[in-house]
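Each in structure tokens, the structures are laid out below.
In what follows, chain A forms one complex with chain B and a second complex with chain C.
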Partner chain A sequence: MLKVENINVYYERIHALKNLSLEVKQGEIVTILGANGAGKTTTLNSIIGVTRAKSGKISFQGIDITTADPSKIVEMGLAISPEGRKIFPKMTVYENLEMGAYVLNSPQRIHDNIMRAFNYFPVLRERSGQISSTLSGGEQQMLAIARALMANPKLLLLDEPSLGLAPLLVKDIFRIVKEINKDGVTVMLVEQNAKQALQIAHRGYVIETGRVFLEGSREELINDKRIIDAYLGGK
Partner chain B sequence: MFTKKITLILYAILFVGAVLFPQIEKDDYILHTAILSTIFVLLTMGLNLLVGFTGQLSLGHAAFFGVGAYVSAILTVTYGFNFWTAIFVAAIVSGAFGLCLGFPALKLKGPYLVMSTIGFVHIMHELFLNWYSVTRGAMGIVGIKFPPPIRLGSWSIDFSIPQNYFYLTLFWAVLGFIFLYTVIHSKIGRALMAIRENDIAAECLGINLTRYKLFAFCTGALFAGIAGSLYAHYISYISPDSFTLAESINILVMVIFGGMGTLMGPVIGAVAVTFLLENLRFLQEYRLIIYGILLMLIIIFAPGGLMGFIMKYVSARNSSKADLPQEGA
Partner chain C sequence: MFFQHLFSGIVLGCIYTLFSLGLTLIYGILGLINFAHGELYMFGAFLAFYAALLFSANYFVSTVLATVGMVVLGFVIEKAVFRPLRGYHDTNIILSTIGLSIFLQNVGILIFGPDPVRFATTFADISLTFAGITVGLQRLIIVVVTVILIIALHFFSQKTRMGKAMRACSQDLTAARMMGINVNKVTAFTVMIGAGLVGIGGALVAPLYLVSPIMGIKACSKAFAVVILGGLGNVPGAIMGGFIVGIAESLTAGMVSSHLRDVVPFLVLVFALLLKPEGLFSKHIQEKV
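Showing the complex of A and B:
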């Protein structure tokens, strides 16, 4: 479904991604693990088109999107819940969700999608008229995911949904991500919280200093000694 | 939509009040102030689209005002064009300048954007001052005529009468307001506000940043162009000194005073500040001191401007739901 082939990304003179390749297949949850500064967010940003790859190729459902405009990419069925949530703080929860459906034109579908979002995240229904900066951290994260879902994406990119949340909330959010995936949305999950991410993912990539350091199925990664030592707290 | 109905009724009352104003108030001096304030309403509405709704802080507005005034004056005085052609061309040219400033501004944020817009004002000021063959430099352009009268059979509207000129400027201000109201309550308005709130998130949702930022710059400048043309043909004399950074700041102050990011705020701000400055004239040299103190008080006690203050009071009264009006009443 999504194919990233040998992309190189630079920030000025810093070589952020070095010949990075990865693939996401229809129906999967693929997680990207890695430490701070490894290039996880850069990878997502290059896919969605906010940052540009200097070389290499990114294709989505067989169509080259390496240099496509973010607005076009979103219309094709890719959506992102960006790192640090980035909700619209002064808008209400409902308005934030409406913004997520910016590329849709049918009011009926927007309404349906909002109802669907409320089913995944019932707390957002209670908060729908509230200014979103007054939500708790967990609720804001839920809003960010719900907003990304509003555009009816085929592939949902989640950038560190567990960032700054209490462990109990992280569990909750990951359970919902799994549910969303079961309903037919492919998910690419960027995480530092490897333990939680590997519980719901089918496959994973480990990125270190801009390179794919390791890839494999969930089982392979969970049992890999290097992963256990570096990301799962050793044993 | 209870509150929407009330705001629409309020708009209607204000509109009728503005239309009746010159019939009730015959004092030429007050009418003069009223005409100036409607011109400033056009300026503040345009700037508010950029600063208040799109979140792009610009101090370049006086330059667009100047471009509109100069284009209109040069076309009518030097080349003998009709006023109606001139105001149209002034708006287009000013809008084009808006696009020109918009392109480099796409890459800049916050203080860097402000500095580049300040640079723009200075460049345009130098241009007005030194392109002698066209702008007549520091001497300015004199003898700009009132728009020709409109004749409908035996009936005619003579724009050299202040009442009638007021209706002309009011017409443009109302037209501008209706345009902004439509834009802000459409998908475009939502996109602009999303860019103001968080441009990266907006981009991630598929909002084309380039297109909407340029739209805001271009439309804001277009409004200023119309205002410039109306100003030139009313005052009948323009010089580079009317279009300086100080004027930009003055327009921005009006927007903040009235309430950024609300539809009615800039209108109230422009009218209130224009009349306030005129009515404080009896204080002579202490005028600006009092004005400055008033501004500080507004910023301290009503950071959302007059409109923000009113809205806070209203929403505190119908405290049922925390559904604060966002796109401005």
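Showing the complex of A and C:
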């Protein structure tokens, strides 16, 4: 479904991604693990099109999107819940959801999707008229995911949805991600919380300093000594 | 006397508001300070003047024609000047919009001539008197039109898809791109609206004052005081700031000394910055972890 082939991404002189390749198949949850600064966010941002690869190729459902405008990419069925949530702070919860559906034109579909988002995240229904900056951190995270779902994505990119949340809430979020996946949305999940991520993922990649360092199925990764030592806190 | 000056202040506040709204909208979304905004004001006045002259159109028709012309000019400027500047260092952008200002002034001199012109309308001299206050008809028109435009802008930004996209872009441009919002379109729209508003401002004052290619310079420096007072990028702030500066200026000029007229906006600004450096009407939004 998504194919990233040998992309190189630079920030000024920093070589953030080095010949990075990965693949996501329809229906999967693929997790991307890695330490701080490994290049996880850069990978997702390059896929959605707000960061540009200098070389290499990114294709989605067989179509080259390496240099496509984000608006086209979102229209094709990709959506992101970005690092740091990036909700629109002065807009209400409802308006944030509307912005997530910007590429849709039918008011009926937008309305249906908002109802669906409220079903996944009931707390947002109660907060629908509230200014988003006044939401709690956990509620903001839910809003960020709900907003990404608004465009009816085929592939949902999630950048550290568990960051800064209490353990109970993390569990909740991961349960909902799994549910979203069951409902037919393919998921690419960037996480530092490897333990939780590997519980719901089918496959995973480990990135280190801009390169794919390891890849494998859930079982392979869970039992890999390097993963256990570095990401699962030893055993 | 006080109410007479207060009314003049409100009229002045309307002009500052129409001027500043565009400045602040453009800053909020493009992140650039348009030093050529005064020249757009000047073009609005001249377009109205020439529309009336060339097509012998009445004042309302010529104002509408001028506005349409300004929206087109805004479109051209965004495409030809602002868009290529995107991503460059602030200094380059500031110098470029100053350059644009000088360029447009000279285009003005070339097309319209260096001498000021008088835009005579049939009702510029009509005034009404009630409760001891004399209200010029043209000034009344300015207030009515400004109020209508403020309400329209509010409705546009709260209720329409493009208006909401504009707000989203001003709050978080990257997030807006990630949502698939076509930022180029939003940017073009913003400059077109800004140019339209300041152009209407120019067309509205044209019958009151002399129209000349350098009329934008002083107006622009006062408008900077207004938008900084209101908080750069803050739309309600620009409106409040416009009226505060306009009224303060008029009252001081009328009740204290008319020599102080041009000093007032900057005095207000200095005091406001001492008290609240982020702009009077900016609320700091706290980031949640």
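One rule holds in what follows: the second predicted complex is superposed on the first by the 235 of 235 C-alpha atoms of A that agree within 3 Å, B and C clash if a C-alpha of one lies under 4 Å from a C-alpha of the other, contacts with A are read in each partner's own complex, and residues count from 1 in each chain.
Everything below uses one rule, namely that contacts are C-beta pairs under 8 Å (C-beta built on N, C-alpha and C of every residue); 3 or more make two chains touch, one makes a residue touch a chain.
This is a predicted model, so every value here is computed, not measured.
Engineer: Once both complexes are superposed via chain A, do chain B and chain C end up clashing or fitting?
Structural biologist: Here chain B and chain C cannot both sit on chain A without a clash.
Engineer: Tell me which partner A:137 touches in the superposition: chain B (first), chain C (second), both or neither.
Structural biologist: After superposition on chain A, A:137 lies in contact with chain C alone.
Engineer: Is A:222 in contact with chain B, with chain C, with both, or with neither (first, second, both, neither)?
Structural biologist: neither
Engineer: In the overlaid three-chain picture, which partner chain does A:123 touch, first (chain B) or second (chain C), both, or neither?
Structural biologist: Touch status of A:123: no partner.
Engineer: Considering only touches as defined above, state whether A:75 meets chain B (first), chain C (second), both or neither.
Structural biologist: Touch partners of A:75: chain B and chain C.
Engineer: Please indicate which partner A:214 is in contact with in the superposed arrangement: first for chain B, second for chain C, both, or neither.
Structural biologist: The answer is neither, since A:214 touches no partner chain.
Engineer: Just to be sure I read the superposition right, which of the two partners does A:103 touch: chain B = first, chain C = second, or both, or neither?
Structural biologist: Touch status of A:103: both partners.
Engineer: If we overlay the two complexes on their shared chain A, which of chain B and chain C does A:92 touch? Say first, second, both or neither.
Structural biologist: first
Engineer: Between chain B and chain C, whom does A:147 touch in the aligned arrangement: first, second, both, or neither?
Structural biologist: Touch partners of A:147: chain B and chain C.
Engineer: Residues of chain A that sit at the chain B interface in one complex and at the chain C interface in the other, please.
Structural biologist: Dual-contact residues (chain A): 48, 50, 69-71, 73-75, 80, 82, 86-91, 95, 98-100, 102-103, 147, 151.
Engineer: Can you check the complex and tell me which residues of chain A touch chain B?
Structural biologist: Per the stated touch rule, the residues are 48, 50, 69-71, 73-75, 79-80, 82, 86-92, 95, 98-100, 102-103, 129-131, 134, 147-148, 151.
Engineer: Residue numbers of chain B touching chain A in their complex, please.
Structural biologist: By the definition above, chain B touches chain A via 187, 190-191, 193-194, 197-198, 200-208, 321-324, 326.
Engineer: How about chain A: which of its residues touch chain C in the complex?
Structural biologist: 48-50, 69-71, 73-75, 80, 82, 86-91, 95, 98-100, 102-103, 133, 135-137, 140, 147, 151, 164
Engineer: Which residues of chain C touch chain A in the complex?
Structural biologist: Chain C residues touching chain A: 161, 164-165, 167-168, 171-172, 174-182, 285-286, 288-289.
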